[in-house]
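You will see chain A twice below: alongside chain B first, and alongside chain C after that.
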Partner chain A sequence: MSWLKGPRRNEIFWAFLFLLPLFWTLGVAFAYAFFRALWWSFCDYNLFAPPEFAGFTNYARLFADPRFLRALFHSLSFAIIVTFTQTSLALLLAIALNQKIRGLTFFRAAFYTPSILSSVIVGLIFIWFTYRRGVVNFLLSVVRTHHLHVLSFLGLLALVQFMLVCWGRRRGLPVQVLDPVYLWVSLLAAGLGTWVFSHLHILQPKPTPPVDIIWLETAEKFLGIPRPLWAIMALNIGTTVPTMMLFFLAGLQDVPRELYEAAELDGASRWAKLWYVTIPALRPVMFLVITLGLIGTLQMFDQAAITSGVAPLDSIVTLAYYVYWNMFGAGGLPRVGMASAAAIFLAVLTLVVVLIQRRVGVREKAW
Partner chain B sequence: MKRWFLALVCGVLAFSALGQEKIVIRIAGHSVDKPVKEALIRDVVAPKLPPNVEVVFEPVVDDYKQWLLTMLAAGTPPDIFYVDVYWAEEVVRTGRVRALDEFLAKSEILKKEDLIPVLVQAFTVDGKLYAISKDFNSLVVFFNKDMFDAKGVPYPTAEDDWETLWDKVRRVHNPPEWVGICLNPDFARFLPFAFAAGMPFLNPDGTAPFARPEAIRAAEWFSAPIREGFGATAADLGVGWPGAAFVEEKAAVVIEGGWLIPPIREGAPLMNFGTTFLPTIDGRRGNYLFTVGYGMPVEEILPSKRPDLVWKVIELLTSPEAQSYILSIGHAIPSRAALLSHPVLASPADPFQEAMRTVFVATGLPGTVPFSFAPVGSVYHIVVAEALTKMFTGELSPAAAMQEAAEKLNKELKR
Partner chain C sequence: MGGRQISQAWFARRRRAKAAFVYVFLGAMALAVVGPFVYAILSAFKVNPLEWPPSLHIPRLWPPNWIAAWKLGVQAGNNGWLGGWAPGKFLSLEVTFLYPPGVEGEPRVEVLRPPGRGPQQPPDPRPITAVEIEELEEREIPEGCEKTFKIILRHLGAQTYPVLPLAVAGPPNSKFLRATLAPHSVRGLGTTAYWDNLASGVLGYIFSYFIQAWTEFRDRMGNPIFPRWVKNSFVIAMGKVLVALLFAPLAGYALARLRFPGRNLLFFLVMFTMMVPQQVTFISNYVLLRDGLFGISRVFGKESLLNTYWALFLPALVSSLGVIMMKQFFESIPVELEEAARIDGAGTMRIYTKIILPMAKPALAVLAILTFQGSWNEFFWPLVVLRDMEMFTLPIGLLFFRQYYGAAGGANWNLILSGTVISAIPVLIIFILFQRHFVEGFRLSGIK
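This part shows the complex of A and B:
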């Protein structure tokens, strides 16, 4: 017990004293709540009558409940699709914003805005956007009416760019397919060409009925996933990408310059540098982003709760919302046992998914 | 040091002695009620209470039922809380809400007979009354007279049945200026019509009634404006709810309750509008009664420990004086039957007071049922809402949608 004597003991005493507030919150908000929920998940309990031990009945009931199975399917597909998309988009955005371009600060701030807004407010605005006569359908209608213009623009763009690149290479210049200077010229030419075509009435807007997609108030499915859930995925990606982008931006600052210089000496193209230098170097950050993404998406509640006022329950129910619904939404007294069992299941599932990801997906180490 | 300590102890003792004298009665209600309830407490309730009794209104911003259930479960409820007819039975079943019959039997100010019978029925569970209705609402037809005049269509009247009302709405439909009716796929609008058509709450064998011919007939009629294009949903008109479409003069007709009166007063005070009862089907009418009452917790968890005083406050809040006060500021429609002779209701001076009278009378008509889904719970209206959404968007025909709703509810009922 010699370590408990003298200055060492003093140190330990002070360390624990300073850790006390943290232990207290951890103990009350986490450990106590967790073990209470764990106990309740084995009980029949409604907040009012004393809890009665019921063994695994609640878990058995969960798996017999089609709504729970649907919630499980929704949560898993939501987690996989959103995490994949948001990680890729965040990486691309971060790489784009890591260049020396004009107005960089503006773009960084603009892209980050969705993340600093309250998700409830963004959710409400999103509901307005997805009205039948809302912004989303309006923009789609515009595109549909003018699809010939869009096609002609894209066609011209590709054509001009192709011709420019061929011309450049013939003159022996080391031009890339997406050379920025040529791209600007092609953009201008394509815009001008489309404008001329439409002025000469070669291109005319096709009178089509307005796009009438019902985004939220529907039970229809696309690829087996309800359309409202797709809409929530889009919303979730839009609001989380900026935060993830920030992580990648921070990671990009840490990639050693020498690696790029060495790669350039070896004649690596931009694509090769991205694939063989940047992405491997970013792996620890990517691990963080994917893990946070999986945890966040599996536990997604707020956006489902906001849209629950508009969309049918079975089209948006996720595991976290299922927990809430059993507690307060289903009518009758709270089904604390079922809610706790679902919550414990969600916690275990999150842990398992993250472990699997670590095992077979992106690891923490760079090389 | 000792002297300081002594002074501190004396101070604490003196303070707690003062505290014992003062009794605080806490009322927790919806946060939107705060200004009105505080004025009511100040002007009507407080003067009639002993000076050491203070009544405090505590606004609840959360989902009220969720808040109340957790407070009751934790044993920390307020002295008086709101009880919504929508979840009254659930909360009573917790066993933490006190039956008020013994107080009512002794009361001088408040008798069961004073209250509108359907309001007593709304808060009665197993023969006992658990809350005193503070005010109420029911559905009526709001119509914009100028739009009907412009199209030369006669106004909707109390004599209208389903077909004649839709006929008028079809004729007043005038896009793109305004639509005939703004109607949402809202179970709280649809179900009263289904009940009027003869659909029971559940079949005699306890199964879902939605596949019955009466229910399908109601669904076909109710969704006709959207399916046939002489109406639109609020979202289609770019507003948050049908009432807003009416205030913004985007719809000639809406089916709403007295809650639409304040928004019209604020948003379109000069609007030339009228109100009438819901249309009939085979001479029958349906309607929902929306009401909120005052309840108190059982004595063990009553914070003030003074049920007599708490009851006194409930009495004062629902006294004739308090109710005419609420009526005259046009806030809500109070719960005493005798108020029909109040000048605001007896001889209404403007469309707003007329609307209040229509709502008041409509509530008392046969066919009005409390807005409650006990003993089934919210799954009942969740499946109806999904069916309505599907027929409004054209995903399913009314018959198919109702069939699906019946199957879904039957599945839930079996669990």
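This part shows the complex of A and C:
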């Protein structure tokens, strides 16, 4: 036990002292709590009578409870759809926008706003926006009333761009389909054309009743997933994509130029460069973003709890909310056993999903 | 595809056009992200934020109304800012109605009972008021006749009132057109203009819903509760910042620099806690606090620690994120300084307080800011342990606000939005002042 002597012992003593608060948190608030939850998941317990051992009944009851199965389905589909969509959208945007951006501080401040505000603020504004006569339905109504304008704008845009590109190629210029200079011209022309059409009353707003989609107070489903959950997914994706895009942009700026130059020397096409240089170089960032995203979305609680006052429980229940509901929301005495079993299940599920992702999805290493 | 010579300028134009697209797109994205928040802030000034169609016509944000509110406030209570309806004062208001052909009669003026609920209302709050009304001018327009009336209200009582609600009802089939101060609402098929407070002064007029959200909701003793929530949020956030500044660097330093058996295992455990959902540990921690921390709280005469400030500090004394952040920071500073100090005979504690902590100031700032923001926004744990309304923090209180005000067809969303805006202000200020630190924090906390 030579390491227990002299200066080393002194260092261990100080380390122990420095770590005391951490030991408290890890020991009591984490490990003790973890094992107690594990123990209670095998017990009948209502917080008042002492816990009684009940074997696997809680787990059996969980899988017999349709609400739990719904929650499981919701959590899994939420995690997979949100993580996949936000990561790929952010990646695509980052690649499309990849260049040196001035005034990044301003955009960053704007993009971070939803993540620095509390989920309750975001959730309340979300509820207010998705009222039957709320802003979302209003915007949809505007689009519906003016769909002819939109169509004419898009049609003109495609037409003018097509003509310009043909004209450019005729002159022997290496123009791409989405040539940016021509695209500005086409945008201007399409806007002007639509304005003139509507001014000459060729295009008129079609009087239609307002869009009447009930977003939250409904049990209706689309593709098996309740509409309120779709709305929450959209909210999550919309608020995370911009920040995630900034991470990817930062990652893109760090890709060594030599790699691209070497690829060009080998005659690599744009797509080959994207597929063999850019994507692999971003893999460490992607791994982190996907893993953190999966953990966060699998354990989604806040939005479910905040919308629970508006949307029916079975339309928004997730595993995390199911746990809380068994403790405080079900009426009657808390069902600690069920709650603990569901919580342990959620923890194991998180671990399994993260490991599976690591095995079959995006790896940690770049090459 | 001729072998035509293409100038450098041609490519430069493409690059600039593409850059313009990028900036326009980023701007649109920023607008889409921030727009809802800006619109929410504006709507907190609206009579009905759920109006259809939604509009940006907001009388409370229209400067001519500010001037009118100022003048009325000066007339009614000698106070242009906050108003008040004081004894001996008089107040004059011009109201214009449209009289279609065949419609006759003067408008009826009625001083109303102040709206709102709660025990703070006096038994009969109607100020004793004398009303005079005279016709100022008539103007013929195609639809009929525009008549402008001057209404003079005199306070004959002996008491100052904070609120002077008024309704001016034109005869049937007439139509209210405009007044010195835009009314709160127009009712009775357009015949009746209604003001919730004519003597509000300019601040009382602009921020009336903020003031209402701040003061209206009261506990059994009659004290407003919203300020309590703000205070709770501040006390808890400040406490958490202090605790974090004290303990997280200690643990981070030990994990980064001190050698002891099981160091890697400990760090792994810290990382692991980030993956385990709070839902696993909250049950036991809830019971722990209910039983007063193994009964220790009974020494201080408390049966249970639920529903106290302690409940929010004690379980998560040190956050894993803070420890990881500090560890990464300490690993990034050169070890030579400490070694030199050690050779000079300085002990661990001395090195920590005299060398390490002063160097860690930037990281400590990041830690403090992120801790404050995290605590201010924390939702799950306060929701579990706080039961009494007086103990709520702002997020829990706001959720309660929504249930209370948003229930009846969403009638009072201006109050919910006002509360939301108030609760966002501290974090927004901190974010604007220390944006760099936030970005640093997001970077340090894993996404590098």
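Throughout what follows, the second predicted complex is superposed on the first by the 313 of 367 C-alpha atoms of A that agree within 3 Å, B and C clash if a C-alpha of one lies under 4 Å from a C-alpha of the other, contacts with A are read in each partner's own complex, and residues count from 1 in each chain.
One rule holds for everything that comes next: a residue touches a chain if its C-beta (ideal position, glycine included) is under 8 Å from a C-beta of that chain, and two chains touch if they have at least 3 such contacts.
Computed from a prediction, not measured in an experiment: that's the story for all the values here.
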{"item": "Fit or clash - chain C, chain B, common chain A", "value": "clash"}
{"item": "Partner chain(s) touched by A:I295 [first = chain B, second = chain C, both, neither]", "value": "second"}
{"item": "Partner chain in contact with A:L333 - chain B first, chain C second, else both or neither", "value": "first"}
{"item": "Partner chain(s) touched by A:A219 [first = chain B, second = chain C, both, neither]", "value": "first"}
{"item": "First, second, both or neither for A:P21, with chain B first and chain C second", "value": "second"}
{"item": "First (chain B), second (chain C), both or neither touched by A:T57", "value": "neither"}
{"item": "Chain B versus chain C as contact partner of A:A305, first or second or both or neither", "value": "second"}
{"item": "Touched partner set for A:L47, first chain B, second chain C, both or neither", "value": "both"}
{"item": "Partner chain in contact with A:V120 - chain B first, chain C second, else both or neither", "value": "second"}
{"item": "Comparing the two partners chain B and chain C, which touches a greater set of residues in chain A", "value": "C"}
{"item": "Partner chain in contact with A:R133 - chain B first, chain C second, else both or neither", "value": "both"}
{"item": "Offending stretch of chain C which, after superposing on A, collides with chain B (from 22-30, 58-66, 76-84 or 112-120)", "value": "112-120"}
{"item": "Shared contact residues on chain A - chain B and chain C", "value": "47, 131, 133-134, 328"}
{"item": "Residue ranges of chain C in contact with chain A within the complex", "value": "1-4, 6, 10, 13-14, 17-23, 25-27, 29-30, 32-34, 36-37, 39-40, 49-50, 52-54, 246-247, 250-251, 253-255, 258-261, 263, 266, 269-270, 273-288, 290, 314-318, 323, 347-349, 352, 373, 376-380, 383-384, 394-396, 398-399, 402-403, 406, 410, 413, 416-417, 420, 423-424, 427-428, 431-432, 435, 438-439, 446-448"}
{"item": "In the complex with chain A, residue positions of chain B that touch it", "value": "63, 65-66, 69-70, 72-73, 87, 90, 93-96, 185, 233, 235-238, 373, 376-380, 382, 385-386, 389-390, 392-393, 395, 411, 415"}
{"item": "For the chain A and chain B complex, residues of the former touching the latter", "value": "47-48, 65-66, 131-134, 214, 217-220, 312-314, 328-334"}
{"item": "Residues of chain A that touch chain C when the two form their complex", "value": "3, 8, 10-12, 14-16, 18-19, 21-22, 24-26, 28-30, 32-34, 36-37, 40, 47, 97, 99, 101, 103, 105-114, 116-121, 124-125, 127-129, 131, 133-135, 138, 141, 169, 171-174, 179-181, 183-184, 210, 238-239, 242, 247, 285, 288-289, 292, 295, 298-299, 301-302, 305-306, 309, 319-320, 323-324, 327-328, 336, 339-340, 342-344, 346-347, 350-351, 354"}
